[in-house]
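In the two assemblies presented below, chain A is common to both, partnered first by chain B and then by chain C.
Let's turn to the complex of A and B:
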């Protein structure tokens, strides 16, 4: 069979599309195959209920690499990011805290809890910002291989070491603490108010099956300070049209550069002969060959599902089986008849135009984890909520709203077994709405439609194995040269001519596009296609 | 939550015909009351201006160790100042970089009040270990007005319990103003005769009304931040965030300034009990400071020539300019930057504050400053001149003691403070 394509990309998620766009831009014949009827994978927008568009899974954007936006001309192809203006935390006793982009307003808000913490907050932000500047270049280059003596690898390690040394003693020690401590312990070294520590610590656990008091969770706090939009750091935003609009902009760019994209074209398996990838077999039986195959799917699904254990070396299979996926979160999307008032601060003002965090204290968060540890969803979960319709009026009819609720913990491994999730789905949804009703009593009456996504649903529908939103936990032992497996962290795989460009590769999950871009760069540099 | 308003807001907002507001430490603050700030600039130098200074950060420190503790925080030796005195000082981090500048007033035997441009509660608390002190943030509990200008004393005289003729420069008193209990200090940010008056928030409107009633016959008008900016440059005062940047907000050392770099070296009492930054400042002085903050006068003839070259009459902006522009030596090497500049309607000179590398800081040094009359960047000659640019004798004078006081009058034990 003739090789019409230089590369086939398995999966039309945002990373697969980024990789396709870069290869197409470099003049390669590229084919993207997406199983679902729409593109974007977990970065998709869908009109689930008539007139209402949900960002079904991923709901905010921050780390989408600026060079990708420039290189792929994404704004020309429809990407518009609207800034998130604040983080709001209501407490059950009727108090509330809003941290906004305006430092003076934030200061006054925090001062109502502790005048000292109000002073410390910008200093903490500055220290984290400086660490983020150290860490950020890491997500814009491939992971160095510390076991290699190749000059290029050594140079990259040396540069990283120099940046670390340039931090100075104080910040270097802070970085050390950040990589070893729990989010709560780390924050408690700076702040005295539990009401402030709790919502701040949450960014350490998102997508992870750990609690805010588990060691190692402090590191992920840094990810929140690495966010940027247009190169200005620490901003988070919504894509106009929902997160799917990002994927659509990348897809249009890829097509503009000549890539071919097919939906409803699920790949049944990757054809491997003599340890070399030849092409793919579709679910409908069609075979398509290409010079190389690039997987935009999660690593365990790619290798154990699409390639097959028998084609792979033992140690690689062992590592993949140990790779921690264990999804811990779910998602509830609501279509609302009217805007629901939060008792702690009614109205749809500035405090609602950002994310809303249900994290009243650290014990609450730890108890939510306790439920999950022993195989239940949290009765009182941590939630991160956004109302995209306050900024983007195209996502619902006039006066109506969409409410996007990220919920943790919803462990994949419930004690009845993951396949029993469908029976618990609505009970999980009820726990979410009941908890929210304590803050927002009118919510129940305003719900027109409810979509509940459990980790099981994320796996079955979106190919997120075990429902892990990041294609594998972002814990230190699964990052950099360890992602997804040691020795295979530079987008190459043990199968010749099969590459990995998904969030399961360095630098990991989130709507960054970096794995897709870096994989394309490695592929082109090595002349693989 | 939106921007906060000071307790004087009902008064100031009714007077603010320009609708020109800006944010100051989270408060809405008036830029200029009338459509133009010029009248307010002239009022400060000819009658009086009344400015809302509530947004200043205020920390009260009480306790037996308060003086010793504050001497650790500030570059000046606070432990030696008498009751009723106020000093201006800088504060530094451990590496000798300036964090802020402000005033410290000894308002009681063991009671001090600090004002600053940035919040320092956590900094004070973190350094208070082992000291018997109680630190309270009074920023939101107290409101303040600055009454500045040659008529300021005459205005207050009739409405204060304490005889204002007796109050000397950088002194303060707890007294009543228009019947309202208030702290009055003879301080200000204009370099003129003037007072700063603080009271508890609940008395704000009564205080404002009393001063306005007393001030109107003297030609006093409300004054915004734009006029203040002109006056403070004429007085040669640096502004944190403009002429130097607090080390706490700098990401790199190159942006930070030591007291000597920021022209605040005179506030450092070096040889005394340890204070934060002492060792670093000593080491810096041993090696020789690198920068200085100087006053520059731009050549009027040079400016006129630049405008003439562009075919324009000279145009002088009525407000101060805060954008930094390069300063060059006679060889064309950049040796620093202007940080604030203004056409001084009082001095009739074009003035600038500039950070320059030593030895370009000596009085009389000839330099060039970038100037853009019309699109194209040009250079105009400038000379290092003495600060303050404007320093009227009335600033320090006391009617009963007509002789101009020395730079820092010695504490007068006979002067009792009612508190």
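Let's turn to the complex of A and C:
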């Protein structure tokens, strides 16, 4: 069979599409195969209930790389990112805290809890900004291989080492602490108010099966500050039309550059002969060959599911089996008849135009984690909420609203076994609504439709193995040169002509697009296709 | 002969005094309690006492042939040895890293500060290279893991896992499901060999005898209340009884926090020191019960871990984490000649509502109840319980933490307790730190006192 395509990309999620667009832009013949009826993978928008558009899974633009927006001309293809104005935290006792982009407002808000913390907050931001500048190149470059003797690898490591040393003793120690400590311990060195530490700490646990007091959860705090130094390109925000609009813009860009994209085209397996990828076999039996195959799917699914154990070296299989996925979150999307008032601060003002955290104190968050640790969903979960309709009126009929609720913890491994999730789905949804009703008593009466996604659903519907939204825990031993396996962290795989471009590769999950871009860069540099 | 003062007459204080005396110092040890020995009276695990440390002290002690660890679970006593699934293979894996860990632990930690000479890092780098590519990568992978995940990989049953983890967790603020707890278990296991014959009592006797032979002056019931600093250097110490003892060398084996925040006046500390010393984490998670038994318990086993599995160990940690009274603490029991030390994991320092007499009585009742599933508690003749708050009060342990500071990635090696203090010499001239809050950490090693005194 002749090879019509230079590259086939398995999975039309945002990383697959980014990789496709870069390869197409470089003149390659690219085919993207997506199993679902729509593109975007977990970054999709769907009209689940008539008239209401949900960002079904992923709900914010998180660190979408500015160079991708630029290179792929995403604004031209319809991407419009609206800023998230604030982070609002209501407390059960009726108090509340809003941290906004306006430093004076934030200062006044924090000062109601602690004058000292209000003073420290900007200093903390400044220190984190400095660290973010240090860390930023790490997400925009492939991970260096510390065990390689190749000059290019050594140079990259030396450069990283030099930049680390240039931070000076104090900042270098702070960077080390940030990488190793728990979010709460790290923040407690700066702040005294638990009501402030709690909502700040939860950015460290999103998507992971860890608690805010588990070592290694602090470093994600940096992501927020990285967004700030990305500047006007607004890498944190909300996409007009929902998260799917990002994927659609990337897809249009890829098509503009000549990529071919097919939906309803699930890949059954990747054809491998003599340790070399030949092409793919579709679920309908069709075979398509290409010079190379690039997987945008999660690594364990890619290798153990689509390639097969017998084609792979033993130590690689061992590493894949050890690779921790352990999804820990679920999602509830609501269609609302009217805007629900939060008792702590009614109305749909500024404080509702950002994200809302249900994270009243650190013990609350730890208890939510404890439930999950022993195989239950949290009775009182941590939640991160967005009302997209306050920023984008087109996502619901006039006067109606969409409420997007990210919920943690919903562990994939419940004690009854993951396949029992469907029986618990509604109870899980009820726990979410009941908890929210404590803050928002009118919520129940305004619900027109409720979509509950458990980690089991995320796996079955979106191919997120074990429901892990990042294609693998973002724990220290699964980052950088160990993502997804040590020795195989530079998008190459043990199968010749098979590459990985998913969130299971460096630098990991979130709607960043970086793995897709970096994979494309490596593929093109090595002349693989 | 130059005068040197050692604060604290615990194992590290005595060790430091011996090394200093050997080097020609005229040494006085001040111990706040009525008897010497400090933590020797509460800890039971001597397997981690480093042979190189004893050699440096000129002490020769016999070791017991490594007795298998016993584990009491669901009412029965089982032996955790190489016959248990996965244990032999896992121990072989630990042995791969033992050389590196032992070499890191037998010397002062490398100076990682920017103005330190780069060659300081050559030693550890070389030791690391000896591991080879695969070994180094594997160590980088294991370090951040949860202990349970790591031991699961070796197929070790979770009941036996608990026995292997529990003793290592005393020095941390973690459960077996906390990331980096694998590193704590790795360090603890790699640094442990056979226990000392005669246990802690034999060790204390040997230390005391050696110190005496060298002419070390030992003063009990003499609490140091102030370290006098003049022009950036120590000039002496004040005692609770009002005496002032002149000395230009002071080696403190109480915690870094107590030493620098309580004994040294704030105005003598260099700018910024107070802030980072305050941040040293010392949250105690262990209560201790010492008792005499009229007949051997647990069939005379010298070391028994009482907890069902890693899940119950994790639940015990949860109690400490949430500042609750431990409902079912994990017990580490050491037995020697009718003396029993019970280390109860899961007891918080800062119990919600405080450690009232009532709370302490409840804790004691819980300990008896847990033990009664395995032993005839009528054999316990005399018993004393120390809550973490008592340990802080009576033994001067910062935060009631058995090791003066939690073992954590940011509080071990060159980071213990902080990069600018890790090499025992503080920023105050003549003031050295040599207690358990210093490197090497991971278990009871006796290495801190020796290395600190050697650095004087």
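Assorted remarks:
The definition used in the following text is that the second predicted complex is superposed on the first by the 520 of 529 C-alpha atoms of A that agree within 3 Å, B and C clash if a C-alpha of one lies under 4 Å from a C-alpha of the other, contacts with A are read in each partner's own complex, and residues count from 1 in each chain.
Note that in this section a residue touches a chain if its C-beta (ideal position, glycine included) is under 8 Å from a C-beta of that chain, and two chains touch if they have at least 3 such contacts.
Small disclaimer: the values here were computed from a predicted structure and weren't measured.
Of the two partner chains placed by the overlay, only chain C lies in contact with A:363; chain B stays clear of it. Looking at the shared chain after the overlay, A:185 reaches chain C, while chain B stays out of its contact range. Within the superposed three-chain model, A:404 lies out of touch with both chain B and chain C [touch as defined at top].
Within the superposed three-chain model, A:176 lies in touch with chain C and out of touch with chain B [touch as defined at top]. Residue by residue along chain A, chain B and chain C are tallied for touches, and C comes out ahead. When the two structures are aligned on the shared chain, A:126 is found in touch with chain B, with no touch to chain C. In the superposition on chain A, A:109 makes contact with chain B only, while chain C stays out of contact range.
Legend: residue contacts after superposition of the two complexes on their common chain; A:98 is shown touching chain B, with no touch to chain C. Of the two partner chains placed by the overlay, only chain B lies in contact with A:118; chain C stays clear of it. Chain A has no residue lying at the interface with chain B in one structure and with chain C in the other.
Residues 113-114, 133, 136-137, 140-145, 149, 153, 174, 177-180, 279, 281, 311, 314, 318, 321-322, 408-410, 415, 419-420 of chain C are the ones that touch chain A when the two sit in their complex. Note for the complex: chain A touches chain B at residues 98, 102, 104-105, 107-109, 111, 115-120, 122-123, 126, 129-130, 350-351.
Listed in rising order, the residues of chain A touching chain C in the complex are 146-147, 165, 168-169, 172-173, 176-177, 180-181, 185, 189, 210, 213-216, 322, 324, 363, 366-367, 370, 373-374, 475-477, 482, 486-487. By the touch rule above, chain B contacts chain A in their complex via residues 1-4, 23, 25-26, 119-123, 125, 137, 140, 248-249, 251.
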